[in-house]
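Beneath this line is the structure, given in structure tokens, with notes to follow.
Here the chain labels run A, B, C, D and E in written order, and each chain numbers its own residues starting at 1.
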Amino acid sequence: MADYLLSIMTFFPLLGILVLLFLPRDNGGLLKGFTLAVSLITFAISLPLAFDNVFTTSGGMHYREFYQWINIGDFFQMNYNLGVDGISLWLVMLTTFIVPITVLSTWNAVDKNIKGFMAMLLLLETGMLGAFVSLDLFLFYIFWELMLIPMYFLIGIWGGQNRIYAAVKFFIYTAVGSLLMLVAIIFVYYFAVQSGAPMNGFGIQELYKLDLPYNAQFWLFLAFGFSFAIKVPMFPLHTWLPDAHTEAPTAGSVILAAVLLKMGTYGYVRFAMPLFPEALPTFIPFLAFLSVVGIIYGSLVAMMQDDIKKLVAYSSVAHLGFVMLGVFSLNLQGLAGGMIQMINHGISTGALFLIVGFLYERRHTRLITEFGGVATKMPIFATIFMIVTFSSIGLPGTNGFVGEFLALMGAFQSSLRWYAVFATTGVILAAVYMLWVYQRVMFGKVTNPKNENLKDLSVREIIIMLPLLLFIFWIGIFPNTFFSKMNPAMEQMLIQMGANPVAVVEPATSETHAPAHSATPATQADGHK
Amino acid sequence: MYSNLWLIPFFPLVGAIFNGLFGKKIKNEAAIGGIATGLMFLSFLVATQNLFKLIGDTEKVHELVMASWINVGNFQLNWEFLLDPLSAVMIMVVTGVGTLIHLYSIGYMHGEEGYYRFFSYMNLFAFAMLMLVLGGNALVMFIGWEGVGLCSYLLIGYYYEKKSASTAANKAFIVNRVGDFGFLCGLLTLFWALADKGVWTLNFVKIAESGHLLESGGLLITVVTLCFFLGATGKSAQIPLFTWLPDAMEGPTPVSALIHAATMVTAGVYMIARMNGLFAMAPATMMTIAIVGGLTAFFAATIGLAQNDIKRVLAYSTVSQLGYMFLAMGVGAFSAGIFHLMTHAFFKACLFLGSGSVIHGLHHAYHHAHLHDDPQDMRNMGGLRKKMPITFITFLVSTIAISGIPLFSGFFSKDEILWWSFGSTRGHWMLWVLGAAAAGMTAFYMFRLVFMTFFGEQKTAARAKDHIPESPFTITIPLMVLGFFAVVGGYIGVPKILGGVNRFDAFLAPVFEQAQHLNEIHAHGTHATEYTLMAISVAIAIVGIFTAWVMYIKNPELPGQFVAKFASAHKVIFNKWYIDELYDFLFVNPCKKIGTFLWRGIDVKIVDGVVNGCAWVVKGIGTGLRYTQSGYLYNYAVAMVIGAVVIVGYFIF
Amino acid sequence: MEAILFYLTATVAILSAFFVTKCRNPVNSALNLVTTFLCLAVFYVMLESPFMAAIQIMVYAGAIMVLIVFVIMLLNLGLTVKTRYSHGLATSGFLSALVLLITTYMVRAGEATGIGGDVTSEVISSYGHTELIGKAMFVDFLLPFEIASILLLVAIVGAVILSKREV
Amino acid sequence: MITVNHYMLLSAILFSIGTFGVLTRKNAIVIFMCIEVMLNSVNLTFIAVSRHVGNMDGQIFVFFVMTVAAAEAAVGLALMIAFFRNSDSIDVDDFNMLKW
Amino acid sequence: MENLVQEAIQNVNLQAIMPSLVLCVFGMVLLMVSVFSKRGSTTHVAWLSIVALVVTGFVSLSGWNNPQAGFAGSVLLDNFATFFSMICLVAAGLTILMSDDYLRREGFPVSEYYPLILFTTAGAMWMASGTDLMTIFLGLEVLSVSLYVLAGFFRTQTRSNEAGLKYFFLGAFSTGFLLYGVALLYAVTGTTKIDGIAAYVQANPASAMNTMFIAGGLLLLVGFLFKIAAAPFHMWTPDVYQGAPTPITAFMSAGPKAAAFAALMRVTIVGLEGLQSELTALFWVLAVLTMTVGNFIALSQKDLKRMLAYSSISHAGYAMVGLVAWNEIGLSAILFYMLVYTFMNMGAFAVLILIGKKGEDNLTLDGIAGLGYKKPILGVVLTIFLFSLMGLPPTAGFIGKFYIFSGAIKAGYIWLAVLGVLNSAVSLYYYLRVMVQMYFKDPEEDFSWVTINVPTAISIIISVVGVLYLGIVPGSVIQLAKLAGF
């Protein structure tokens, strides 16, 4: 089981689709229940990863799976090359964790073509998981593109008024970036082949060891970075996001926010930065600048939105700015902050989208002006919304704070100090837009008669939110659960990025270095089996 | 030894969670209030026990590590508590005053919707505040720091159906966040600065130990401390971030007493005191703090002169008194500042609760008479001393205390601050002037308040006049206790010059002495000077009281004439120097405008415009090219010939 | 002598080719085309390829032209000459001039370097052109020849299908 | 002395004239005839070059070009007739149902 | 005379032409059969021609890894030719499968249709296997003449007439250029054999500078570029594709195009190696131009057949990238790409055939609104084909593009690859629009006329399987393409 864990996990949803196709199309409950079961089983399959202590000691790849897939001699080789390390671990967990929640959230929201919807959700899950566990650039690219398709349909078929525009925009926007990345991937491969470096298909671990000339790294980083920047999205490549989020059905928005955006940031951490470390210093000021602009810009624009969902969408731009800033600070604190902020954003913004979804299901509008005084009618909802709001603001004790703080801390310790100062203003702005919207929606008297009969959250809806709330506090209070498994991998990654992870002072941390180095030959051996 | 320290914040947390989750089910108000108050009292008991233990202990600084929190590389952060004399004083104030206010609330909040919610928030606040003061490192402190902001937000917005309440709540939180921005910047810069020297820590004790690694008076330390100070101004309502506090009076009165008088707003003072070692190393910052504190004391007092809302007067008074504390911090009188913090907690809480009692009574009366007059407007009051004797007496006592009349607690603390501001190595006589002027005004407007409320004719509408009751015991008992402390609270810190031993100073000495010593901060001057200054300040206070008596008792037409004469000045003061409007003009409106511009202008038009423009151009080119496909054979043949000619021609020529 | 014949015939060929493009009446064009074909036949003779000259006349001038004229007559096009029978004169003229420029330049600048084959005038006169053609066709180019038969088959079938009246 | 270049030049001229005709004429049959002119010019080149080179390949090629011309003529004229039946015209400007 | 016959027989190598021979024999037999069969009954001819194609397929495959030359160097049946022959056979097979019902629906059940397709395929095979320009030329003509007929096959429909005529005129016109090119090459090298030309240039490097040689080579290419519909010789494509009977459109976009690529590749790579630098520059420009023109114009198309026509132009552009690369990967990628393209494009056309009404006026974007709901299976397969055409994994189209661009990048043509992928990004838009109509719009019609007949269904299934198989486990076929490449 453990040997094939990643494959089973990745393709289990696909298996689910096969069964799903033969279920009667009219029985919505059965379809949803089945999908929920599939996603829960997938989650269960992935659970051993979260409890595996091997990640705390070694930053290398674990749960490796390696098969030759396409091998055309001197043309190219692609391998089915899976593995997971501390960096992808929690993103995998986040994915398997969030999908059942989204399935639950569709219970009343989706009534059109349920079978298709569920199939798309499961397909999306396979795509996301595959992208996180791929160690072969080619395989990664396939999963990366595979995610696009179900998301396109989710937005386009089950979306709102302007869904077609949003879906097509989403698709083409992201595809432009990823196609350029494809060129870069191919280039790296042939460069490596021609340089005679030991290769293992498009395996990134071998590609990490490449010594590309600066000029090539520059362009390659540009291509990779561009693609990932669109996905993140970084200013000014973000305009697909508000549209996609606003039009997508709740489940789509949640997954988009929680996982799909992480593909971009993950891509930076896993591919763009460690593969092209020499180009990194050239780009970092620029990218950090964009991140900071994203934080401030996203916040200011979010502030003035009249559609709650759009507001949350723009807030994502700001949040991911923190992630990127942390990652670009190239030290352990910043990277850890960025990584945990990815999870946080997934949880908090996912929860916000669910919350907007709850409102939308009840009132079929998301305009802030349509609401007001909802707190009187929906006290439980108000409480949950409040907690999530503060998590999103980054109140200490909630998850948001840990991520933001570490990201900023990392940035302050790096050359990005001045950027970080400006980024910190995002802390103020986040409070401004979130509290303002909260006030306008929840507080005040019920002025709109349509809000008189709002029902508070149902048990199902509370169940959806509870796990998210749990993690909001868990990460806020015991983030070490996560850091302990991320640290070794992050250190190794930072070394790969050409950065000194920490000025090693205490002997305690130098111990964790040792396995990081020794893991390298082990993985090399894996590659040639 | 001090391993039960965690219980102090833990009890209120339990109360908060319990009431928050199950309060709605419990219909019994007494049970809800009782649980909350009881848990606060338990916490108070533990705090007292620890205080006495600490007093008896020779080792004055104790850390308690609970668990590891964030552990990333060299950055290792724990959940840890710190008990030293400073935090001991703070926990006593918080739990003590907190318990009383909880008790008070049981009666005061009677019949309110969301009773459980109120107590849950109050307990949560107590928890946060205790985390703030007990936090062993800057981040645990920051949890409390933001936590009190959150609770303040929740409690100000308690009447969330009122627009003004929720707006005030937002304002409070957001302005606090501006301060937090400073705090975070300071913290992160400090961390980096220390990490640069090889010390990876946010632990207060370690920071204090390694503060000397930084250049004293250098740019770095100045920036760090200024950032921290910005944080403090936010939390403690100093210039320029004081505007939220008067608005915060939208919350229920116990909230004002607890949060916006006794505890939360003093967090900034506490924080500076906590980091005194760093601040002492940055004279420029210290001077800034002193000036800002002095100015705040002065300006808030001027605004207080003209307000008619009973709670707003108290709010400006609070701002003004906080200004004193900052003045103290700025001139290096750390223990004096903390001393004033404590005495202020007693008398200001008492004042707020007293005003709450008045409001409660009037509200009751209006309710009875079906009137909708504003129960907080002093112009509707008057002559209440007979109706509410206990309230009146405790209120009067506290007013005397705040005015700085000798033998009352406020006198000792305020006077020590004034003395330091004059005589400290970091002081200046102008600071003293500011402080003294503020003291005079304080005496004036506080007595104006007393006179308007309790003396003279009853101006309450006739129907309600006779229905003003004295408040119930749950309200008056806390009043009496606090009134008692407002009188005697000062005696633990009687200065040497008045024959005391200043036990308070001595108790806090381990925290501040080293920094004061290292940076040569001490007050110097002859006893004569000190006596003179003391006399002057007392005189000023008495003049203030007398003026108030003249204007509001003896000759009630005078204020009207006065206002008429200085109409414009009064208008400025009445409208709080137009600070709110200024901020709206400077920050709020531009932000909104920029936001709208960024969205409608940049985002939609330019950024998205470029994207859609690309699509449009591509499509346009496509449509254009499409018309080359004319359907006429001739054109196709021409294209082919052109193609062939160009291809062949290019390569053969 | 040869030169005179060449230039004379060339002039005629060019003129008649030009008239193919210029005559309003398609029948006239067709007749001019026949003239061109005949001129080319003359050249073929000059180039010692009598067999080619013969089939030029038979296949081209005979069969194909007859077919064309037949169709012209069938469609009665001779009488339905429109007022504007040509268009794009400027563009076409310019382009054709360019084509002319390029082709002539190419011929003049380039060089027909392929020489040294074994078929010389002597060989032709001793074997006879027809035999040489036959030999080349059935020995060296048998396959193309067979393909040509398929081509003709396809053309016949196609023509039949396309011009049938009913399905 | 008439060299192969003379023939090739002549062929080039004829080729251009053919092109000109294809480009200018509207009548489909005339266009077809102009294409025949082009093919014939190529034939001339082939035969001239064939003699110049001294092998028979070019001549054979001409032979096949003629075959092709015949086949195309058959099919092309059949198409024209079919078109004419439907739209009563073989003006190429009337081939404009399909465009853009 | 005896001698001559002997000599002639020596040159004959039937094995080298066996597949096309089988096909032609079958074609002629089928012509006879159609003469004697009842009017309007074509099904048996269709199935017989399928049999013919299968038999030919086996015959072809038996020649794998067993190169056969013959007819005095006129033909070489090597792996390259076999691979392309297989593509053409597949294309022809799929065409025939989707034709039968279609012809009946459109009221043209004429059984000569099938032999013509077989002859076309035979012509395509000669193009792929010809090593003498004469063979290639005649193969091309067999192919073209049949296609002229097939394009204008619906002789009572003006649209079909027009398509046939346009194709005919432009085809004949381009033949003129091609022949002129051959003549010039012949003038310079004295031979029409491809390897002869190459050998001559090798021996006389100076002739690569000979304007006649350059012009001849380029004019020859013009003829082929016309067939593969490369810009600016592409302009016939949309009109002809739109007007021709849909199965023929599908066929033209796959089989003959592949054959033209085969000829083009053999001529350029083997024969015109001396012009490599010029030709790569030319192909570079033309590839970009072709894909850009195709994609950009397709954006504003409403008619699905016409849109796919433009898309096929752009795909020709992608395939040309492999020629620019001029290396083993790029060239074998063309083989692979043409195979992939056959499956995905013909599959898409097959779906269109099924959903078309008589006359096919409903094959517009608006006409397929809500198709995905009314006919879910057709919707899904069309979606798969469209994703493949877009080049998204895990479909064959992705692998094809990857393979092609790999060649270009390996050869250092990074900007070409970038322009290529940007182009395919543009192309996403119009493919997505089809899906938008299918899934994001509510159905306006009930598509009740759509009946799924077995042969077309088989062709769709084959295409889907092909697209997915080549998309997920393409290794073995890429291996074959590698062996087949030069």
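Points worth noting:
One rule holds for everything that comes next: contacts are C-beta pairs under 8 Å (C-beta built on N, C-alpha and C of every residue); 3 or more make two chains touch, one makes a residue touch a chain.
Computed from a predicted model, the values in this text were never measured in an experiment.
Chains that touch both chain A and chain C: B, E. Of all chains in the assembly, those touching chain B and also chain D are C, E. Central chain assignment: A. Criterion: smallest distance from chain C-alpha mean to the mean of all protein C-alpha atoms. For this structure, the chains sharing the highest number of C-beta contacts are C-D.
Chain centres were defined as the mean of their Cα atoms; on that basis the chain farthest from chain D turns out to be B. Seen from the Cα centre of chain E, the chain whose own Cα centre is farthest off is B.
Annotation: 7 Å between the Cα-based centres of chain C and chain D. Remark: chain A and chain E have CA centroids separated by 43 Å (rounded to whole angstrom).
Chain centres here are Cα averages; for chain B and chain C they lie 103 Å apart. With centres taken as mean Cα positions, chain D sits 65 Å from chain A.
Multi-chain contact residues of chain C (touching two or more other chains): 87-88, 91-92, 95-96, 99, 102-103, 105-107, 109, 112, 114-117, 135, 140-141, 144, 148, 151, 154-155, 158-160, 162-163.
Chain D has residues 4, 8, 15, 18-19, 22-23, 26, 31-32, 49-50, 52-55, 57, 60, 64, 68, 71-72, 75, 78-80, 82, 92-93, 95, 97-99 in contact with two or more other chains. Chain E has residues 134, 138, 141, 145, 148-149, 152, 155, 164, 166, 169, 173, 184, 186-187, 190-191, 211, 215, 238-239, 429 in contact with two or more other chains. Annotation, chain-chain contacts: A-B, A-E, B-C, B-D, B-E, C-D, C-E, D-E (touch as defined at the top). Chain E makes touch with chain B in their complex at residues 166, 169-170, 173-174, 177, 211, 214-215, 218-219, 222, 226, 231-233, 235-236, 238-239, 278, 282, 293, 295-301, 426, 429.
On the chain B side of its complex with chain C, the touching residues are 634, 638, 641-642, 644-645, 648-649, 652-653. Considering their complex, residues 1-2, 4-10, 12-21, 23-27, 29-30, 32-34, 36-37, 40, 43-44, 47-57, 59-60, 62-64, 66-75, 77-82, 84, 90-91, 93 of chain D touch chain C. By the touch criterion given at the top, residues 134, 137-138, 141, 145, 148-149, 152, 155-159, 161-166, 168-169, 172-173, 175-176, 179-180, 182-184, 186-187, 190-192, 238-240, 242-243 of chain E touch chain D in their complex.
Chain E contributes residues 4, 7-8, 11-12, 17, 24, 28, 31, 39-40, 70-72, 74-75, 107-110, 112, 115-116, 119, 122-123, 126, 132, 134-135, 138-139, 141-142, 145-146, 148-149, 152-153, 155, 164, 184, 186-191, 200, 204, 207, 210-213, 215 to its touches with chain C in the complex.
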